[in-house]
Structure formats: C-alpha cells, structure tokens
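Each structure below appears as structure tokens.
Presented sequentially are two complexes of chain A, the first with chain B as partner and the second with chain C.
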Partner chain A sequence: MKTMFRAALMGLVLTGSAGFSAQAFPVKAGQGSYSDPGITDDTIKIGLFAPLSGPAQAYGEDPLNAARMWYETVNSMGGIWGRKIELVIEDDRCNANDLVAAVKKLVEQDKVFMINGGSCSAAAVAAQEYVTRAKVPYVMLNASGDGALYPPTDYIFGAISISQRAVGGTAVDFATRHLKGKKIGYINHDDAYGAWNLETAEFTAKEAGATLSVESINPNITDVTAPLLKIRAFNPDVIILTTYARPATLILKKAHELGMKMPIILTVTGTANLKQLVDNVGTKDAFKNFYVQDVINDTPDGPKQKWVLDMYKKRYPELAAKPDHPTPYMPYGIPAAQTVTHALLLAGPNPTREGVARIMRSLTFESGVMAGLISYGENDRAGQESSIFLKFDGDKQELQPGVYVSRWVYKP
Partner chain B sequence: MPITLPAKLGSLAVALIALIVLPHLTTGYVVYLANLMLIYIILALGLNILIGETGQFGLAHVAFYGIGIYTTAILAGRFDVPFPVAIVAGMLLAGAIGFLLGAVSFRMRDIYLALSTFAFGEAMQWVFKSWDDVTNGPNGMRIPQASMFGFRITNDHDAYYIVLAVTIVVVLATVALMRSRLGRAFRAVRESEPAALALGVNVRLTKVIAFTLSAVYAGLAGGVYASFSSFIHPDSLGFTTTILVLTMIVVGGLGSIAGAIMGALILGLIQELLRQAPSYQEIIYGVILILFMMYAPKGVAGAIKARFGRSAAK
Partner chain C sequence: MDWQVIWLFLQQGVASGLVTGSIYALLAVAIVIIFKTTDAPNFAAGELFMAAAYVALYLLVFLALPFVAVVPISLGIAFIAAALFYRIVLQKIGSSAAVTVNVVIATLGLSFVLKGLVRKTGVGDVPRSFPSIFGNDTVMIGQAVLTMQDIGILVLAVLSMTIFFLFFNFTRTGRAMRAVGMNPKAAVLVGINLRRTRMLIWGLSGLLSSLAAILIAPKILMTADMGSVVILGFAAAIIGGFTSLPGAVLGGIIIGVVENLVGLFISSRAISVAPFVAIMLVLVLRPQGLLGGKVAVKKV
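Presenting the complex of A and B:
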C-alpha cells in the first residue's frame, strides 16, 4: 500500500510541461516579489470550498475533508517548492449566489492564489464568468460541472470524479462489450445531466452497433410503470439507469415485480448508498443480475483504496467512527487536490496563475484513487472519463474486469 | 426619547455618504454583497406592499423575480435589446402576470391564497427548468454583460451605482406610494375589507393593484440582478428564496418600509456571516429568528418605534 500511496503522492506525472524533470516537492522556493496574490516565499494560499451546510452537505463535506488531508500530507512532506499550503475554507451551500460570494471572497478578500471547490454542478457553473475574467485557476472538487467545461475555457477544470458525458458512454461500453448487449434500454433524467450522459451513450452505442431505447424521466417521478413497460416492450438485452437513487429504487422494484430478468446497470449518479438502496427496494432478489458503475480504481474497501481509507481514519478518527463514513464521494477530493499540487509543482519555483493554468491544460497524472488517469487536453477540461463496474448482489460487490474509458471527444 | 427631524436627516445623510463611498473603501466581494442586498431591499419592499401593507399572503414573489431575470437576459442576450429596455420589459411582463394572478385570486385569502400563490411559484420554477428552448432549462442560462447608457458593466463596482440609484428611486417611490390615497387603501383592505368597502375603497381593484405592483418590484429586482450577475439557474428561484424574502419583511416589521429595508440588510448580512460557521449555521439562524420573534414580535421597525417613538421607524 505504501507504494500506491507514494505513487499518488509523487504524482507520477506522465506528461506535463516540456522539459520538466519529474522531481517531487522540491524544497527550494523562489525568492522575491510575486506578480500574483496569495504567494510568498514560504506559503501559497488555496481557497477550498464545498457545501458544508444544508441538504447538500453530504455531497461536499467528505470530499473537502479528503482534499484537506491531501494538502496537509503535502505540507508534512515540506510543501511545494518549500512553500506550505495555506487553506482558506468556505461554505458554498450548493447555491449559485453563495458559491459566487464564496469565490469572490476567496479571490478578492482572502487573496488566494487559486481555488479548488464545488460539489454542485449548477452552482459551480455560476462562477465561470468571474474566474475567467479574474484569470484565477479553478479546479472543481467533485462537481462534474459539464456546463462549465464544454466549450473549454482557459481557467476552469472539473469532472475530477467523472464527467456526465463519460457516465453514459462508459456504461454503454460496458453493456455492449462485457454484457454483449445489442439492444439497450436506457433510462435517464429529463434534466441537463440526462441530456449530457445520453449524448455520449448514443455515440458509444452507434460505435458498437447497438440500439438504444431511451426513456427520459423526471427526477421526482413517483410511478415508473409507464416508462418501464415501454422499455420492456423493446425487449432489451441490458437496461442502463443513469437516474438518481430514488427513481432507481422505484425502477428496480417495478422491474422485479414485472419479472424483468435482464442485467440492469446503475450508474454512479444513483449509487451513493447501496445498503439504503437494497433496504428501499425491499428484496435482494431484485439484485440478482445487477451492476453498479464506480469511478474509483477498486471496490471502496478494496486493496487499491486502502491507503485512502487509512489516511482518512488517521486524520479524522471521530468521523470515520460514524455510520456511513466515509461517504462514497470522499475519495474524489484527493485527485482534485492532487491536480492543484501537481500543477503547482510543475509550474516551478516561481509560479504564476497564468503558468499554473497553462500547465493544467496539458496535465495528466495517475491519482492512485480514480478508475482512470486525470487528464486534460487542448479541448478537454474534464479530468476523469473512466469507470469500473461491480456486480452487486445486495450484499457483496464483485469487481468486473476492465476499465472503461469514454471515447467521446468534444469537437469545438 | 423621540428622534428629532435633524437627527433623522443627519442619519440619512451619513448613510447616503457611506453608501456612495463604499466601493472605494472595500473589495469587489463586499460590493457584490452590497449589490445583492440592494436587490433584496427591492424584493422585500415589493413583498411588503402585498403582505405587509395589503395583508394578502402571496407566496409567488420569487416567480416574478425569475420572470424579470429571464426576460432581461433573453431580450438582451438573444435579441440585442438594450439592457434598460430589457429590464423595463421584464418588469412589465412580471407586472402583467402579477395582474392576472391577482385578478384570479382576489377572492382567496389567508392559507388558501398562500397555497394557490405557492403553487404558482412552483409552477413557474418548473417552467424555468423545463422550457429548454427559452430558458435553457436545468443547464441554467448565461446572462450577457450589461451595458447601460454607453457604460459597460464589467464587474460589481461598475454595477453598484446603478443598483444603488435604482434602489433609492424604488425606496422614494414606495414612500410616496404609501403616503398616497392608494397606500391608505392598501392598509384599509389589510385592516378590514368590509370597513374598507364602507369607506368607498374598491377592494377588488386595490388587491389586484397590490399584486401587480408587488410583481413589478420583483420583476425590476430581477432585471437589475441580471445587470451584474452572469448566470441564473432555476434552483435559485425556489421556495427557499421566497421564505428568505418573507423572513426579511417579518423580521424587519410587516407594513413598514424601514422595516423591509432593515430586514433585507439584517437577513442578508446574517446569511453571509453564517457561512463562516457551517456546522452551526442552521441552529444559529433558527435561534436568531426565535429571538427576533420573542423580543421584537413586531419586527425591528416595531421595536425601534416602541423605543424611540412613532416617527422613528416609519
């Protein structure tokens, strides 16, 4: 496990700015005056934010805890180029006005060098115009944030958990390659997330020669009989659900009642609490041919995730002792913080905001946490576009072979 | 001890000077908050006309605010309509829909009116979320950079004096309105509809006007918000925001212009300050509201009036 941790810590920078020789957290900082705020010879200030109160707290608090423990670990190893990372933490309440206020406070009042935060896509998108104008590098925490990533801008980087577009594409890829599905029933939401994941699902299905039958449902739906009967009439080989947990519960229940035996895949959008899902569906028989998508590199308690769990338990023993902790989203905070520390490292001893943003636009690294590489490109600001799949029988999760990488590419 | 007229004028002058110099003394973050609070003041004044002055428990205020924002953003962004014209259009559209809502719901009162207007607010949020071609649906909508009278608004500082000027005009207009015959008719309807009828007040028309004016204020607030904000998402236009504005006028003091202003400022500030205490903010917020209700049941304006005399918090 030490190897895994060290690999993640050192960044394993696969590509980066040309000519940089990979050296982990060098100790000699630059000296003198700096053109951008938030940086001194000894410190560099990062603004970290997430929903830390209200109904969305569960989405943001633990990823923020994970990011914080990563920054603290880097500090304990001497910081970056000898500079300790100083965190200024804000609550964005998962609300556009509050998130913009938090970002403006961090940038204009606390004078941070760059910002890292946001667990809610709609709120995160609200900050786009401001950060672009202020030219402050912004790395999202665990918001997919597709709305701010396509078309790409120079300062915003997100989808560190996974982009919504990759959610749909990789689920169809798994359904066609692993489960050999040719006819796929696809139930998504009639919102932005649903539209985004359907776009790549259709792309991947076409590539694989598969046919999709799509039912787009409202997230607040209370009766799923009609859409599910339509899907059944299509006689699919596999059903993919990209819904949230509550509609997924209704669908699984109804599919079981209707005797639908084909494999059902639930994407990461609805897998926050699998135990609760089983309790709500009411019978484990509904999970006999059931798969879940995940975006980390192993089962949550698997060997590749052990270093993350150990680090969390050590840093937050009281939280770790609470039920349902860490939350499934916790690990996503680490690669978000790694994106920041790796970019700072590669930017050299005298980093500028402009330089860090430029580095990030071509940054690729292995996080040791997520299913695929964290990778940005000329037209790609979505960090993570891979997923794994687990067979879940209502009790145990069994890792399925392979990592599924989205092949959809944004074309300007 | 009553507050004298010179003392009142002196306080107003100090407040005005403070507001004018504010952007020169502080960061863009504080100016952004100031802009938001000025918007809250316009919203609170509008809701106060309906609930505080006329006694009509309407809960659709944020829907009209949303209509103002979207109309301004769409007209300015897609049709290149000058921003001031777009703001006026948003205000008028909100007013027209407010008129219709008032016309169909004038017979309702109390909880029935609250529920029907709440339903309208929810329906409008659904429209904002679902009418993809017009509002861009759940993706939210980007608002173009505003330009007014040849002056381009590129940041919060640029917008501040425009938002401040609009707010001052709205406050003065509201004072004039409340001192007018119509203002007295609003209060007569609030106190007793049969008595108002006996005094020759057209109760039905008065209620519809209150609905319309309240919606016009909310539409104006939305349009002005669009001048300094770059993005709107339907999630911001839900019941939480309605409750926030309602709390502002209750904490400030129902039926008082000064109360609506103070409520908007107090709640706006508390909301922002509590972001610094995420673990306890819901509890602290709840305790503050309980304390207000216990020790200032008639709102801040009522408490000031009781302490300093009648003229202090009008």
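Presenting the complex of A and C:
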C-alpha cells in the first residue's frame, strides 16, 4: 500500500515542466500580494462540487468524498507550498443550470482560486463558456465531458475517468486484439455520447481491419427486439454495448432469450452496479461470455486498489459499512484532486490561475488509481484514455491481460 | 437483405410489437376513459403506472407476498388511490371555474408528487427488476421467439380489454359511464350519480394502469422515470381517436408493431420518432383518429 500511495503522491512525470526540481509538497510558501482571488500566504481555496442530492447523487457523492480525502491527505502533509487547501463544497444536482449557478457562486462569491467538480457530462459542459470567460481553471471530477474537451480550450480539463472517445476505441481494440473479433456488433446511444464513442470505435475498427454493424438506440428504449435482431442477422463475432445500465440490461436479457452466445462487452457507461445488473437480467446464464470495461488499474478489490480502499475505509468508516459502498466511481475522485494538487505544485510558490492552466495543458502523471496515465497535451483536454477489461460470470471478475490505450488523436 | 431475413424480421417484429402494443393499448384505454368523462387528459397516468409498479414490488419483494396476493392487492390499492384522488382533489376543482385547466394542472401536480414519493423511498434511484409472473422460458411461434411472459402479457391484456368492453356495453354501471361520457347533464337528469360514476372511472383507470405496470415491469425494468412509457399510450389514444375505446386498443397495437418494423426495416434511431410520425400522418389524413367517428363542429 505504501508503495502505491507514494507512487501516487510522487508520480509526477514532468513532461511539460522540464527543469523543475520535483519535490512532492514543499513547505516554503510564497509571500506577498496575489493577483488572483482565493489564495493567501497560508491557504488556497478550491471549489469542489458534485451531485449530492437527487437521482444522480450516487454518481457524484463518493467521487467527491474521494477527492476530499485526497485534499485532506495533502493538507496533513503540510499542504502545497505550505498552503492548506480550503474546500468550498456545492451541490450541482447533475443539472446544467444548478451546476453553472454553483460555479458562478464559487467563483464570484466564495472567490475560489480554481474549481474541481461535476459528475454529469452534459451539466459539466454547460460551465465551459463561463469558466473560459472568467479564466478560471476547471478540472472535472468524474464527468467525461467530451463536449467541452474537443476542440480544446485553455481552462477546462476533463475525462479523468475516461473520455467517451476512449470508451469506444479501447472496447473495439479489446474486441479485435483479445477476442480476435473481425465482425463486431456495436450498440450505442443515439445521442452525443453515442456519436463520440462511435467515432473512435470506427477509427479503431478500420485500423484493425474489422467491420462494425452499428445500432444506435434511444436511452429510454423499451423494446430492444429490433436492434438486437439486426445485430443477430449480421452474425457478429463480438457485441459491444456502450449504453447505460438500463438498456444494457434489456439487451442482455433479450440476447439470452434469442440464444445469442457470442462474447458481449459492456463498457464502463453501464457497469455502475454489476450485482444489480445480474439481478435485473435475472439469470447468470446470460453472463457466460461476458466482459466489462473498467478504467481503474486493477479489479476493484485488487492489490493495486487496496490503498484507495483502505484510505476510504479509514476516512469514512460509516459510509464504508453501508451496502454498495464505496461505489465503483469512488476512486475517480482521487486523480481529479491529484490533477489540481499536482498542477498547483508545479505552478510554483506564487501560482496564478493563468500559470496553473498553462501547467495543466502539458501535465502528465501516474495516479496510482487509473488504468493509464493522466495526461493532457496541446490538443488534448481528456485526462485518461485507457481501459482494462474483466471477464464477469455473474459472480466473479477476472482481470484480462493488457491495458488498452486509445490511439485516436484530435486533429484541429 | 434476403427474403429469409425479411420474413424472420416480419414475424418477430409483429409478434413482439403485439406484446408491447397491448400494454400501450391498456394505457391508452386508461387515458381515454378519463378523457371521455372529464374532457381533460390525465397527465399523471404515467406516474400512476409507475407508482403502481413500485407498490407491487414492495408487496412482492419487501413483504414477500405471493403473486396471487400481490396482483389483487396492487390493483385494489391503485383503484382506491385513483378514486380518492378524484374524490378529494378533482371533485373540489370541479366546482370552480376553468375546470379543464385546473384538472390538467392537478394531474400534473399528482405526477410530481408520485415521482417524488418514489424517489424519496430510495428504491427508485437504480433500475430494478420486477419478477416475471409467467417465467422467462421461450417459445417459438413460427420463427419468432417469445417468452412465456410475453404470451402472458398478450393474453391478459386482451382478456382485460374484452372484460372492459363487455362491462361498458352490457352492465348498468358501464352504460352509466358511457352516458356520463356522452352528455353529463343528460346523465344527471336520468338519475345517474355523476360524482360516484366519475370516481369509479378514475378508480378503473388506476386499476388498468396498475395491471399494465405489473405486466410490463419485468420487461422494461423499473425506475422512477418508467412512467414516460405513457407517452406511447397518449400516442395510441390519438391515433385511435381520443374518445374511442376500440380506437385506443387499435392505436396501441399499431404503435407497438410500427415501432418494431421501423426499427427492423428503417433504423433503430427511428424507433422513438415512429409513433409521432404515425400521429402526424393520422392527424393529417384523418384528424379525428382512426376510429374517432365523424368530426364534430361546435357551433358558437
């Protein structure tokens, strides 16, 4: 555990900061007057937000808990350049209006230095225009937020969990390389999410010489007979589902009813609660040839995730004792907070918003949590673009070899 | 696409469409009987449907009652709750001016209350499965695959609609309901208790919604938003003619089948718009709906 934790703390790969002498949390604070709000000689104020109430609470509460425990850990080690992180927490209710209102409050009333939050992509993307105008660095919590990442802008950074583009690309990569699929049935949503993951899925399939048969469905679909029958008529080697949990459940049930035996891969978009998925499908027989995508560096209870789990149990013993806790999304909050603390660290003893944003645009580090590096670039505002895959039989998850990295690159 | 595939798609599309269509038909009947007697659409129909499903889930899973008890108790609760809503809320509204608008707003209010109540329990936040009454063993009809649940849905939906047809046409209470639908003032003049009859209609509408919920919940999964299915019930009612019960049934079946055939022969993306294209076509070609009778022109 100690090794992993140290790796996470010290894991700055200073690709964009050549010459910087890496010291994890220097104790000497900057002094004097500051051009940006939210920073004093002793403190730096961060606005942290997520859906903490309403139907999407489960998506945001635990990632926010994880981010908070990371910030507290940094404070317990002396803060950053001697400054303690002061958090101002808001509830965005997974709603674009509420999220933008929360961001405005944090920036204009609470005078935070930078913001870290958002678990729902559509809501998080809505803040892009404001933070760009206000020139406030914004690191998303666990929203993928592809809509605000491409084309890249200067102050908004997301996809700490994984970008939708990487979801589709890495799933096809796994289907072609590991499962040797040449004909792939691909079911996505008929919304922007679906279009984003399909873009890279097609790119990767073309690279691998595989053929995709695509069925785009409405997220509220009630009868999946038609799309699944068309996929069956295509006779695919593998089926990839990039849908949410509810349509994925309907598809798995129907595929089982129709006697479809080929491997099915469910991407991270639909894997929030695998036990619930099995209960809802109603039979473990439907999971005989079933794989799930994950974006962390191990199985949720694997050795590489132990330090995260231990930290959570220590900080939130009552929550950890509750059923279904921590949620599968919990670990994503840590790299989001790490992105903030690492950027602040690299920005030096007298950080400015502009300086932090500039550092972030070339920040790369190993989180010790996620499947791949958290890495930004000149044309890349998506932090994490790698996946692992687990074979899931309805009970146990078995890690499949390899980490699959998206090869799709945004071209302006 | 070769002929074998086309023939398979047709068989499966029609068979599955009949199953889902029969549920839309039940919901459409629940909507139409209220519209016929109050002249206002019930915008809480979806949430009544959703809440009824959660009541049944509570009885079945948390109280561990057997299906034979769950079904009648759920239907009974839905009947009483809907009838009470009419008695306590709508009857009061009925005595005020601008009745129709107020009734619509009241039903919208009910929809928010029911959704909020289900969310408050915490069970509505994640998709949940409702156990199948008839099991999930599959049967082949031609080349089409249906589950026993599908067959059960179709049989029970047709049976219940037949019972409703007989009730409305051959019982004194049913005829009284039709009379209230045709001309409430004349119905009162011949001795029909308007309030009691309307309360009974609301109760029956709740009962139908509950039946539809228990039948379809194992197929669509339960969430607090599952009531959105009722939009297809409205679509079915519009296609059939908003005041015609047989039309509502026909509209439901048409929508169920059209959804599948459009998905199979045009595009999966078009499934969600197909019912609304069908509505537009019907409204343009036959504004009163397929079985809506002659267009009535009101003289002012």
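Simple rule for what comes next: the second predicted complex is superposed on the first by the 409 of 412 C-alpha atoms of A that agree within 3 Å, B and C clash if a C-alpha of one lies under 4 Å from a C-alpha of the other, contacts with A are read in each partner's own complex, and residues count from 1 in each chain.
Note that a residue touches a chain if its C-beta (ideal position, glycine included) is under 8 Å from a C-beta of that chain, and two chains touch if they have at least 3 such contacts.
Being a predicted model, the structure only gives us computed values, none of them experimental.
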Chain B versus chain C as contact partner of A:Pro401, first or second or both or neither: neither
Which of chain B and chain C A:Lys105 touches, first, second, both or neither: first
Touched partner set for A:Tyr130, first chain B, second chain C, both or neither: first
Partner chain in contact with A:Ala233 - chain B first, chain C second, else both or neither: second
Partner chain in contact with A:Gly209 - chain B first, chain C second, else both or neither: neither
Residues of chain A contacting chain B in one complex and chain C in the other: 54, 57, 190
Chain C - residues contacting chain A, complex: 1, 5, 8-9, 12-13, 16-17, 20, 119, 124-129, 131-132, 136, 138, 145, 147, 216, 219-221, 223-225, 228-229, 232, 256, 259-264, 267-269, 271-272
For the chain B and chain A complex, residues of the former touching the latter: 27-30, 32-33, 36, 129-130, 137-140, 142, 154-156, 229-233, 235-236, 272, 275-276, 278-279, 281-282
Contact set on chain A toward chain B in their complex: 52-54, 57, 90-91, 93, 95-98, 100-102, 104-105, 107-109, 122-123, 125-126, 128-130, 133, 147, 190-193, 195
Touching residues (chain side chain A, partner chain C) in the complex: 54-55, 57-58, 190, 215-218, 220-223, 225-227, 229-230, 233, 245-246, 249-250, 253, 257-259, 272-273, 276, 279-283
